[in-house]
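Below is one structure; the comments refer to it alone.
By written order: A, B, C, D and E. Residues from 1 in each chain.
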Amino acid sequence: MAFKKHHPSAGSRPGTLVVSKTSPPTRIDAIVYTEKTIEEHTSVSVESLASLIGDGHIAWIDVQGLGDEAVLRGLGEFFSLHPLVLEDVVNVPQRPKTEEYDGQKLIITRMVRLGGQAELDVEQVSIIFGANYVLTVQERPGDVLDPVRRRLRDGKGPMRRLGPDYLAYAILDAIVDAYYPVLEELGDYLEQLEDQVLTTPGAEVLQRLSRVKATLVTLRRSIWPQREVANALVRDPSPLITDTVRVYLRDVYDHCVQTAEVAESYRDLVSSLMSTYLSAVSNRTNDIMKVLTIMASIFIPLTFLAGIYGMNFEYMPELHVRWAYPSLLFLMFLTVSGMLVFFRRKGWFGTPDEPGRSKH
Amino acid sequence: MAFKKHHPSAGSRPGTLVVSKTSPPTRIDAIVYTEKTIEEHTSVSVESLASLIGDGHIAWIDVQGLGDEAVLRGLGEFFSLHPLVLEDVVNVPQRPKTEEYDGQKLIITRMVRLGGQAELDVEQVSIIFGANYVLTVQERPGDVLDPVRRRLRDGKGPMRRLGPDYLAYAILDAIVDAYYPVLEELGDYLEQLEDQVLTTPGAEVLQRLSRVKATLVTLRRSIWPQREVANALVRDPSPLITDTVRVYLRDVYDHCVQTAEVAESYRDLVSSLMSTYLSAVSNRTNDIMKVLTIMASIFIPLTFLAGIYGMNFEYMPELHVRWAYPSLLFLMFLTVSGMLVFFRRKGWFGTPDEPGRSKH
Amino acid sequence: MAFKKHHPSAGSRPGTLVVSKTSPPTRIDAIVYTEKTIEEHTSVSVESLASLIGDGHIAWIDVQGLGDEAVLRGLGEFFSLHPLVLEDVVNVPQRPKTEEYDGQKLIITRMVRLGGQAELDVEQVSIIFGANYVLTVQERPGDVLDPVRRRLRDGKGPMRRLGPDYLAYAILDAIVDAYYPVLEELGDYLEQLEDQVLTTPGAEVLQRLSRVKATLVTLRRSIWPQREVANALVRDPSPLITDTVRVYLRDVYDHCVQTAEVAESYRDLVSSLMSTYLSAVSNRTNDIMKVLTIMASIFIPLTFLAGIYGMNFEYMPELHVRWAYPSLLFLMFLTVSGMLVFFRRKGWFGTPDEPGRSKH
Amino acid sequence: MAFKKHHPSAGSRPGTLVVSKTSPPTRIDAIVYTEKTIEEHTSVSVESLASLIGDGHIAWIDVQGLGDEAVLRGLGEFFSLHPLVLEDVVNVPQRPKTEEYDGQKLIITRMVRLGGQAELDVEQVSIIFGANYVLTVQERPGDVLDPVRRRLRDGKGPMRRLGPDYLAYAILDAIVDAYYPVLEELGDYLEQLEDQVLTTPGAEVLQRLSRVKATLVTLRRSIWPQREVANALVRDPSPLITDTVRVYLRDVYDHCVQTAEVAESYRDLVSSLMSTYLSAVSNRTNDIMKVLTIMASIFIPLTFLAGIYGMNFEYMPELHVRWAYPSLLFLMFLTVSGMLVFFRRKGWFGTPDEPGRSKH
Amino acid sequence: MAFKKHHPSAGSRPGTLVVSKTSPPTRIDAIVYTEKTIEEHTSVSVESLASLIGDGHIAWIDVQGLGDEAVLRGLGEFFSLHPLVLEDVVNVPQRPKTEEYDGQKLIITRMVRLGGQAELDVEQVSIIFGANYVLTVQERPGDVLDPVRRRLRDGKGPMRRLGPDYLAYAILDAIVDAYYPVLEELGDYLEQLEDQVLTTPGAEVLQRLSRVKATLVTLRRSIWPQREVANALVRDPSPLITDTVRVYLRDVYDHCVQTAEVAESYRDLVSSLMSTYLSAVSNRTNDIMKVLTIMASIFIPLTFLAGIYGMNFEYMPELHVRWAYPSLLFLMFLTVSGMLVFFRRKGWFGTPDEPGRSKH
């Protein structure tokens, strides 16, 4: 849960790259296409990039894994990235943002997938695009962009006809839309938890609720700045984004807002479940107390009565009366009955509010 | 409770329609009117729309049910809808919003009705209008627009005299005003719950309160963006909306604000009832504890006294004293009286705060 | 508590008036004045209004009661009110707001008085003024405007010298200033409740606190939009309001802000009292538990000891020892003393925090 | 605690002064100075003011006590105060604000001092300055302005060289800086309370916490609008304030922000202490419960065993066995030991979290 | 925890320096460099500063310790600091801010390091830079700026090539980046606390949580205004900051936002842990209650039965029945069994929600 950032030690030179030893090795794939043609290259070297990028076609350079500093520096040089851009791309996580350097647009996004147990797998995807290329840098292999690749291969629709800004949009759109299935799964999980809160309100449920809440907070914190990114892309004038694509980006913006709102409403739901949980615990305490009080209130007075006639005083006339014993038993029966009537009046039996029987 | 959106799988082409198998079949009705005349057509086909729309009269094309992709695509083509507009209309729910494409205004709204048990039935209604037509698309048959249809048939007032912007306003107004009865019913329901919280504070009441709270949150989330929509319609310059109609739209805006505020104040009320509930549970625990403590505190010492004289020591002079037994009984009586006085002093009997007796 | 608005059924024609059968009958009074003269007319008819309004003098037409649709429609026609203005004036409650139609300024305000039991009596007062008249419409007879009437009769100060905008200001000012005594009364009531929370923290106190809280929320919701109204009147350019009067309106604005802040701070106080209340309940439970635990912990072991020597074993040598009984009694005394010391060490007696003895 | 404003009855003429009978009598002091000279006049009359104010020197007229309406009206006339300004100055409390009337700047501020028991003594100080005078009006005698007077007498620094705007700044600065010692004292008091929460968490501590919280809220509500005042003085163009003084006013603004933040952080601390308090109460309940449960669980079964052999059945063979009694005692010892082991396993003894022993 | 500011007594002359006796003595170090050369001077006197600052090279004057008023005043004169700037630099803490006086830029920042026990060591660092110098003033010796000094000695990168604005940026960047390790350590500490909350939920854990919360609040309050500072430096036009450096300052801004967000998310986590803690305490109470209730409910009725047959009535036929005793024992066995079944049905044994066994 602790925040781990690949940040250089405080005070080091800006542009310092922090390459963790556990980062997967860097691998570069490329898709080069025109409206009519498409070529795919896998595991290309930085040196061969020069032959892939050029006028008349668009190149999508997809980098996965941040383990190889030399390759990353090579990429930085090849694309003339500003040292701070390279730092943002490599020293993950950065806050989602968009910036424009001369002839290049940088978009930093956060891709989410749901691991087991309502835990989020969050990964930074940086998108940099210029006149005839799109460069994406991912922390790890594996992503949600396969449908984009398929649409490129297909060649239908505006995918290959429009420029790198459309491809960048398509990638951003895929990343944002991947929040929907995550939210749906969380929604289903919350429905399960809602049942559990009412039927088996133990410590574990609360822990699960806390965990979902943390997940939802993370989710919202991922979406919210992405919304600002989408908004900036729609609004800020830039020669790199055509008006045609701006319309599509407005759609991305709408999806960001909607997912943020759903995450928000789930958080409300979790809070509400938490207070239901606490109330269920209180009710349980009440139930336990009732059992104890009923048992004790009935039997303690009876035991006292029995104790009275267990005393060894010489002069206790009742002891010698023939009907004393049955009379006492009858008195005890009356006491118990009185108690039961009292408790029933108090509404301590057959509580009419048992969740199982509720109908509303 | 889980959020279910008809969203295409992440990364698919923008404009992809997601038609659920459970969606009702699509049905198109049309009302064609001039200031003097009115014609109604039911279950028309997409092909026959061309004959209904034209200069000199206004056509209201009302589409109900999102089950038939071909028909929906046909509508999209006929009205030259942007692929993203068609997506917004079909892949429900979208956040309420308004957008203008060339010659067309899109308004996405949310219509609510109250089902049983304080549950909301929320449905997206999309309104698209151009120079001489209004197109409404609803998720399901059944709506709150019958009064609008009646006013069209009537022909009184400005209804048939003014243009499609007025019709669009009338539809939007009917949708927004339908929030009032929903709020009133919720208000009545809350009054009932307020009684229950005080008289029978069981788990069920809390559950109902949570449910109403969720409903109110949903309601507010539906109204709030609609307020922005109304505001944008009033404020943003558009050739499609005349100044006459803008005045009316300002009225819609006021109603949105008012309903949002009422929903907000009901939420405050629910929170307040929840804390009253929790306090009622605490008070119950207190009551149970009091009964237990009183019973135990009175009888446990008495039992001890009885136990003393139940011992079988050979040399216990009291046992042979003639008045020992009655004296002990008297001592016990004194003990009980002392206890009762103590508890009364503590204010444990006849608590002066029983809700039934309160007068303020 | 439920929100009841006189709203027309959803979808009805804008301008539809909803006249409730329980509304008091409509009655029109008029005060016609110049700087030198003043005439008062009571229960005038709509038809005779024409003779009252004219150049050279100012007429204050005061309408009380919304029960007579024909009269209200007549007024609307006479003053050429926009249908939506008439709707706002009649279909109460509307949110406080100000709007300007040609030659007329509409101000919708909310007048409050305190009924018994901290319940608010809220009434909409609509103020419409033009070049030479002020029209006020109230829901019911009875208002806080008598001092304004007296100042008109007096004729001192700028009251009769300045135009209808000053009269409208004076009315608005009287309505806003009427919030002060309400707040003061609520403040006194809260002081009472504060005592009760500490001395008799029963369910009733909590209920009263909730009710005051609801009242404060209503109050704040009434004041807040009125603040915006005052601000708009000060700021928005309008030929109907002179600069002289604008200075006075700024004063109204200040009062709105101040009352809103006082209401806000009372709400904080109520929340604080609520948590004090809950804590008082917890402390009570603690106290009850302590009594129970002390009683049980002292007597249960003693009873056990007595039980030991109540057993009927044949071979229990202690039973026949001469000093066994007094020795046992002494042992019991030691046990009790030990217990008492233990509990005193735990700080369970003479808790040093009793509110009565606190000095800080 | 209730809010008491000297407000005129609703609807009265603007400019109505409300002079409370408990207000101290009005007393006017004056300091007249040039860069070289200084004269002090005490208890001057309104009539003699004319001789004190003039070109070539600056006069600080200091009015203390709001009990004398005639004097206050005289002042108003002498300085040609707008009726509303006079009302703001006399009918305290007003919200801190700044306004400019022709040739005069009005600043309304709130001076605080700490009375006993963390209660604030809040007093309105109105500062009005023009070309060659500064008029201050205070509710009561006694203030925090003596250092300003001393600096005037000293004559060092820019105090007597610069104009009335600098004097007004110096007064405002002294009033704002007087918040620091109040905050420090509250901070020390909170540290004490923090200890008490952990050592003696009784009802009194909670009450003290609530009171400090209320004080902090009042404090923040006093500071916050003063921040706006300082900001407006820095920012709004005015011929009455020179650029030299504006730089100093920015410093006042910074101090307002800082004091507001400290008050805010103390409020957070109080909330945090309150939840610690509630948790301490819960833990106490737990402790009490543990003692009860341990005592009851150990002795109730033993008493039962003793009860068994206290029965008077004719045929109970154990009673006649020689080693029965010691065997039973041994069995009882085993039972107790088992219980103790069980409770130790549960971690009910020597809880490792006693605050006293914590080291972190 | 109490706020201690070196503020002059209220009303004293602006520019008054408050030098605490506990402040470390003032010591001045200097680094003088050009692109090619670098000289370091330690413990220089104010008088010798004149020889260090001049055209053609840049001087970093680093002042540590605020104990020597004469030296501080000397510095103020040498650098012609405005009295208020000197006051801000010396009378710590000030709120982080940036201001520009003629030819000088003032940046007030807050440097944090983590002491033991999650306590923050916060120190004000003031940065003032002009055309050819950077002056830093620190409260105490010791800082996070050694890497900056090393980079200066190194001479690689733009460090010595660019002007004093770049040096000021490098110092600011080092201070902001030092928040990352603090946050990481807090994150690790929170992970530990999370375990403790579930395993040993005692009063100490809550106290630790409160302390971390306070630390996080302090942290956020330090970062937030620094974000505004960075933003102002990026945005406000100033001849003292070149566009090259502005790009780097944007990076500082991003880091401020990110650290603020992490601090924020940790605060959410702490709140969540606190509610988990409270719930764990409730669950414990429940557990204790269960043990008590089970023990009491089982043995109290049995003791009563034993009491019955311990009575000394003359006529109790059961006492003389041969199989009465074993029958009674059997009845007791049945009672216990019934109770155990009842409690098992209630789910009071082997609670299925023990955190240890949870798998989700």
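Note that a contact is a pair of C-beta atoms (placed from the backbone, for glycine too) under 8 Å apart; a residue touches a chain by one contact, two chains touch by 3 or more.
Everything quoted here is computed from the prediction, not taken from an experiment.
Asks: Go through the assembly and pull out the chains touching chain C as well as chain E.
Replies: Looking at chain E and chain C together, the chains touching each of them are D.
Asks: Could you check if the interface between copies chain C and chain D is built from the same residues on both sides, meaning over half shared, or from different ones?
Replies: different
Asks: So what angle, to the nearest 5 degrees, turns chain B so that its CA atoms land on those of chain D?
Replies: So the angle, rounded to a multiple of 5, is 145 degrees.
Asks: Distance-wise, how many Å sit between the C-alpha centres of chain A and chain E, to the nearest whole number?
Replies: Whole-Å distance between the two chain centres: 25.
Asks: Return the distance between the CA-based centres of chain B and chain E, expressed in whole Å.
Replies: It comes to 41 Å between the two C-alpha centres.
Asks: Tell me, which residues of chain C touch at least two other chains?
Replies: Counting only residues that touch two or more other chains, chain C contributes 282, 285, 289, 292, 296, 300, 303, 307, 310-312, 316.
Asks: Can you list the ring's chains in order, from chain A toward chain E?
Replies: If we begin at chain A and move next to chain E, the sequence is A, E, D, C, B.
Asks: Under the stated contact criterion, what part of chain A meets chain E in this complex?
Replies: 1-5, 7-14, 82, 84, 87-88, 94-95, 97, 99, 117-118, 200-208, 210, 213-214, 217-218, 221, 274, 277-278, 281-282, 284-285, 287-289, 291-292, 295-296, 299-300, 302-303, 306-307, 309-312, 316, 318-320, 322, 324-325, 328
Asks: For chain D, which residues are in contact with chain E within the complex?
Replies: Against chain E, the touching part of chain D is residues 144-148, 151, 156-157, 159, 170, 173-175, 177-178, 180-181, 183-184, 187-188, 190-191, 194, 198, 247-248, 250-251, 254, 257-258, 261-262, 265-266, 268-269, 272-273, 275-276, 279-280, 282-283, 285-286, 289-290, 292-293, 296-297, 300-301, 303-304, 307-308, 310-316, 346-348, 351-355, 358, 360.
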